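The following pair of complexes shares a single chain, chain A, combined with chain B in the former and chain C in the latter.
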Partner chain A sequence: MEAAVSKSRKFVIRDWLMSYIFLLPAFGFFLVFVAYPMLRGIYISFFDYSLRNFDFIGFDNYVSLFHNETFLKSMRNTILLVVIAVPIVIVFSIFVAVNIYKMKEFSRSFFRGVFYLPAVSSVVSITVVWGWIYHPNYGILNYLTGMLGFEPISWLGDTRTALLAIIAVLITTSVGQPIILYVASLGNIPTSYIEAAEIDRATPWQIFLKIVWPMLMPTNLYVIVITTINTFQCFALIQLLTSGGPVYSTSTVMYGVYEQAFLLGHFGLASAMGILLAIVIGIISTIQFKYFGSDVEY
Partner chain B sequence: MTSNAHLQRQPTIIRQKSKSSLKREWTPMKVLSTLLLLISTLVFIFPFYWIVTGAFKIQTVATAIPPEWFPLKPTVSNWLELFKNPIWRWTLNSFIISVVEMIAVCLVSSTAGYVLAKKVFPGRKIIFTMFIAAMALPKQVILVPLFTMLADFGWVNTYHGLILPAIGWPFGVFLMKQFSQTIPGELIEAAKMDGCSEIRLFSTIILPLLKPALGALAIFTFIASWNDYFSQLIMVRSTSMMTLPLGVSMMTTQSEFMTNYGVLMAGAALASVPMIAIFLIFQKAFTQGITMGAVKG
Partner chain C sequence: MRAMKKGLMTVVGVALVGSQLVACSNNANQSTPAATPDASKPAATQAAAKPAEITWWNFPNFQTLDGEVGKYEKQIIAAFNQKHPEIKVNLEMITFDGGPQKLNVAIASNTAPDVIYDAPGRIIDWGKKKLLAPLNDIVTSEVKNDIAPAFWKQSMVGDQIVMYPLNTGPFMMAVNKTVFEKIGALDLLPLSRPDRTWTVAEYEKALQAVKEKAPEIIPTGFFAKSTAGDQGTRAYLANMGVSRFLSEDNSKVAINTDNAGKALDWVVKATKDKISVAGAASLAAADVNDLFLQGKLAFTLNYSPVLKAQNVSNKKVQFEDVLLPFPTLDGSKPKLEPFLGGLAIFNNGNADKIAASKKFIDFVVNDPEWGKKNVIQTGGLSARTSVTGLYNDPEYKYADLARQFITDPPTIADGYAEIRTFWFPELQRALTGGATGKEALDAFAAKANEAITKAKAQVAK
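What follows is the complex of A and B.
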């Protein structure tokens, strides 16, 4: 059958043509609105491109970024955000998943729903309510810490706490999807493995380390990569809670791109920032793939 | 969490008594982790409780210390105040953008995903690799050039400026390709032997089979576009083109004296409720979609 079909040249070409027609809508939109802007982004990063100018300046944008203290601070904050938030998201998600995956369907969907809520509801709503919770005078957080005898803190107005306050909210919006993924992959682990280990008197901690954790590796890789990328892209939280302040202590590269391009009109410089960030994400993702991908066994 | 890990090394004597962990034992570790789970549940639910109750508090109550945990004298004044803004228009804008985007993404992703999974043609590998590479690349790189491009088209502050760029979504194509691979090839062959045209084959056989995946993709797209705050922020210029999240965020910066938390919470509730409702109704499809795109090595 296969051979007969492949013999008919006319049929094959018609099949190709049909495939291209089916592919065209998605691929066309992709080329115009994703692929082309990507290349154009690299191109305009070499220009002094603002509302008035469009002059080729080579690597000047990049050079000036490396001497720009605000940018370096934003890069440091961005990396801090990833280094702190991603491990917490992973550990917390696994903790929740391990605790809920054996539950009955109803309670399991209840908990999945609870932890997914902040991710699914509008980021603006989340941000607005946390802004109130963190408020130095009317915020409920200071009321609660005050009951424990602590002095009120301007959570978002203090350079020492602002980034941490943002990370806390970021974590609540990030754990939903990882929890769903971990619950699914825990369900895929054959119970016989665990029962066999229990007969051999393995402790729960040993079972986790020797059986569960290795089986979670493929999921870990995916979760780590998407959480890292999402953390790098975190924007609404910062724009609405602190606008990068106080004294740029919560400014990230993503926020910097917005500030340079859309508040100051420096499109070329903003593009260069975006590309530097892409390079950093690329490096980090590659390391993650190398490190976690090599452990993947089925 | 680390303290929990430490506690898991608890006495093995208890374990040895009954060998199956499927039995419920209230070991100290289990008590602690259940407690931790319940506390985090509270932390996650609290902001929503605060939004909903806050929406019915007058300003003096909302800013009272000690806080009023439950509005003793609920008021609808916040909602009346909220509706002095063009809330209906914003809600309508959000719905138009999200629904059109949802339908368009499902359509173009299903045809492309099917072809990438089931057809052999020159350039298939390169095209698929391009989609995958774009999925891993961050949005930041394209935001500025995309905006300047759309500005050149004169699309700033328009519906199509907000909708069209989001249609060629690599994740959608990827998801549909993953799912299309599970469709048995014999089915397609058999339909072709019966002289079924490609378009009929797709619409009467493939599309119905893709339904579960399409359902998940539809929810994903709807939520993603409703929450695409950055694009809305840079593309919208006039109050009448604002979306609901954007309108609510504007209220935080608008008031000259003090943020009116009651009104703000009413807006936040309105911006979140459609999403939460959709998620709760279609939780199953949604969960399937997430796992489909990722695990299943």
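What follows is the complex of A and C.
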């Protein structure tokens, strides 16, 4: 009896050890590429770290950010980007997914592919294409609006339109993954619930609101959190299309981090900006988990 | 099992704390930018023929051979190795787009290259931050006297030479002469005048002629998307407003005059009147130059003999591009910022590498055969006054003549890297109707002057 217990304990220990050995490479990568840079970023944010200096200045970087007009404008733009783009992405993705889901297999695959294409394409190439579409002198958008009799617009060079133009690109590159996820989730909703509602003469809108939407909550949570984080970290679009202009109207916190660190060499200040952004993302994600979290299982 | 778990967590904890300690120890090195045990001594003489391996990062300053980036540079290295086989030179080509960022990261992480060929805008900044090895010991008095004081001003920090000047050329405008020939308006360009100087009124007349007689061509361009090529916009407004960008001692902004404000207002009005390119606030210098190379723009603001040579293969249609000085409000002589290129050495704390780098630089600039060849390959003029007649081309002859208009550039001002980041948002503000020209220039002046004061205080530390 004692020998059997000892043998079983041996197996448990061996399994336990094996699992840690398999986890070790991933953990190593995590330490080197995630934990260390993160901790070092926090550390650097307390220093005046430029090409020449490395002086401890405590919270000065953080304090200066709250007096920095450009940073505050960037934070405002970032939040605006999230507030406008994320709901549109969610609503548009659900709308498209519901319609795609109703289609026959061939059409469903075709449209899934069409909407997913921007998600797997390089952001840089898509952005360059959009740059040409928006070009003030020979962009196709001005060509089309010109056909309708409108004067050419400098879409990216006007403070009134630049952020909206960025948001439009952001939406096209962001909807691919949510659509795929929603189509998959719709397939997991038991058809008996919908059939029962139909027998009870529920309208399609009622079915969506009372059955589909609640059943999509786990997917909603994932999509909302991921889209929000990605939107907060939006950089390539800004860098390539507007460089934060005109007059900082499209500058975001991520672009500010790049500008301070790599263009001006203010690594301490850039780290502080990055940490503040991480804190904001953390707070908003926590709120989202609280309000969109659900225990739905199907 | 619990004990093992506890042990594992301890190991992880130690690893995390350890990584922080490593971070701290690295910083100790960073706070003193490269130890300099022997840097003050004449390094070229320290290691006579010691084998060394150095790294050279190069922007595409030389025209390519057979369209291959870096091929010419490899030929320089091969020729250098015939004389110095003991020195291995590793070449890395960087781009003007991402190179500066890459250099900032490399410097901050103590992995800067040994040799860099760049312009004073960045090199002087590194020099002021004491990141470069002085080159005084390899510049002979003959060379020193053969290079204009204005160029030395851009190559020195105090009494230390931090950049060995190689090539130069005045930054100018350019015109598509073929367009004016086609519309029969060649007489509107100042080409019959030996110095080609002209007034804003004459320039405007030429632009109107293009608008009326060649409606498919955009008369002129302006750009304000980012800092790249900002020299063009600076010189354009400064000349049209007969002012300077910074004061003569670089201690404050001088561009915010009434006339310069009016010049910026003129650019805004020209855009509305469709004699200047639409959407300038979202266009970069490269976009505007591309339009010029596609034959869609009659004038471009960012040109030089160097760019003219480099653009030969980039033209989408064939046309004759001719260099012109910026027009001035009253027809007075223009003030042109010089392009200056040269080589510098990062002080990475290794005397042997510094000595080897000095030999390499000396070869690139002064070798009897390769020195001139290298200047020609850049498409520029020699920084040495005595080296002339490198090209048999009327445009180069004019560029040589236009050297008389060269003024000292603001790139050597304290805090220049920061100053230029305030320039284009204010241009955008004027272009988008958020401010008048004067208001935008005043706002720029206020921010830039603060940056200069702050940078001066840091340099004085």
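The working rule: the second predicted complex is superposed on the first by the 276 of 298 C-alpha atoms of A that agree within 3 Å, B and C clash if a C-alpha of one lies under 4 Å from a C-alpha of the other, contacts with A are read in each partner's own complex, and residues count from 1 in each chain.
In the analysis below, a contact is a pair of C-beta atoms (placed from the backbone, for glycine too) under 8 Å apart; a residue touches a chain by one contact, two chains touch by 3 or more.
For clarity, every value in this text was computed on a predicted model and none was experimentally measured.
S.K.: Using the touch criterion from the header, give the chain among chain B and chain C with more contacted residues in chain A.
M.R.: Comparing chain B with chain C, the partner touching more chain A residues is B.
S.K.: Per the contact definition in the header, classify A:54: touching chain B only (first), chain C only (second), both, or neither.
M.R.: Once the two structures are laid over each other on A, A:54 reaches chain C alone.
S.K.: Give one of first, second, both or neither to describe whether A:90 is in contact with chain B, with chain C, with both, or with none.
M.R.: In the superposition, A:90 contacts neither chain B nor chain C.
S.K.: On the A-aligned overlay, A:262 touches which partner chain: chain B = first, chain C = second, or both, or neither?
M.R.: Both: A:262 reaches chain B and chain C.
S.K.: Quick one: is A:75 in contact with chain B, with chain C, with both, or with neither? Answer first, second, both or neither.
M.R.: So A:75 meets neither chain B nor chain C here.
S.K.: Just to be sure I read the superposition right, which of the two partners does A:248 touch: chain B = first, chain C = second, or both, or neither?
M.R.: Only chain C is touched by A:248; chain B is not.
S.K.: I'd like to know which partner A:170 touches here: chain B for first, chain C for second, both or neither.
M.R.: Touch status of A:170: no partner.
S.K.: Between chain B (first) and chain C (second), which does A:31 come into contact with in this model arrangement: first, second, both, or neither?
M.R.: Both partners, chain B and chain C.
S.K.: Between chain B and chain C, whom does A:65 touch in the aligned arrangement: first, second, both, or neither?
M.R.: In the superposed model, A:65 contacts neither chain B nor chain C.
S.K.: Answer with first, second, both or neither: which of chain B and chain C does A:16 touch in the superposed model?
M.R.: A:16 sits against chain B and chain C alike.
S.K.: Kindly list the residues of chain A that each of chain B and chain C touches, one partner per complex.
M.R.: 16, 20, 31, 35-36, 40, 43, 49, 137, 261-262, 267
S.K.: Show which residues of chain A lie in contact with chain C when the two form their complex.
M.R.: Residue list for chain A touching chain C: 12-13, 16, 20, 31, 35-36, 39-40, 43, 47, 49-55, 134-137, 152, 154-159, 162, 242-243, 245-248, 259, 261-265, 267.
S.K.: Across the complex, what residues on chain B touch chain A?
M.R.: 1-2, 4-5, 8-9, 12, 15-16, 19-22, 29, 33-34, 36-37, 40-41, 43-45, 47-48, 50-51, 54, 62-67, 107-109, 111-112, 114-116, 119, 121-122, 124, 127, 130-131, 134, 136-149, 164-168, 170, 172-173, 189, 198, 202, 223, 226-227, 229-230, 233-234, 244-246, 248-249, 252, 259, 261, 264-265, 267-269, 271-272, 275-276, 279-280, 283, 287, 290-291, 294-295, 297
S.K.: Which residues of chain A touch chain B in the complex?
M.R.: For this pair, the touching residues of chain A are 1, 15-16, 18-20, 22-23, 25-38, 40-44, 49, 91-92, 95-96, 99-100, 102, 109, 111-118, 120-133, 137-138, 140, 143, 172, 177, 180-181, 184-185, 188, 194-195, 198-199, 201, 203-205, 208, 218-219, 222-223, 225, 229, 232-233, 235-236, 239-240, 253-254, 257-258, 261-262, 267, 270-271, 273-275, 277-278, 281-282, 285, 296, 298.
S.K.: Which positions of chain C touch chain A when the two form their complex?
M.R.: 1, 4, 8, 15-16, 19-20, 23, 27, 30-31, 33, 100-101, 104-105, 107-108, 126, 129-131, 218, 224-227, 277-284, 291, 296, 417-418, 421, 424-425, 428-429, 431-432, 434
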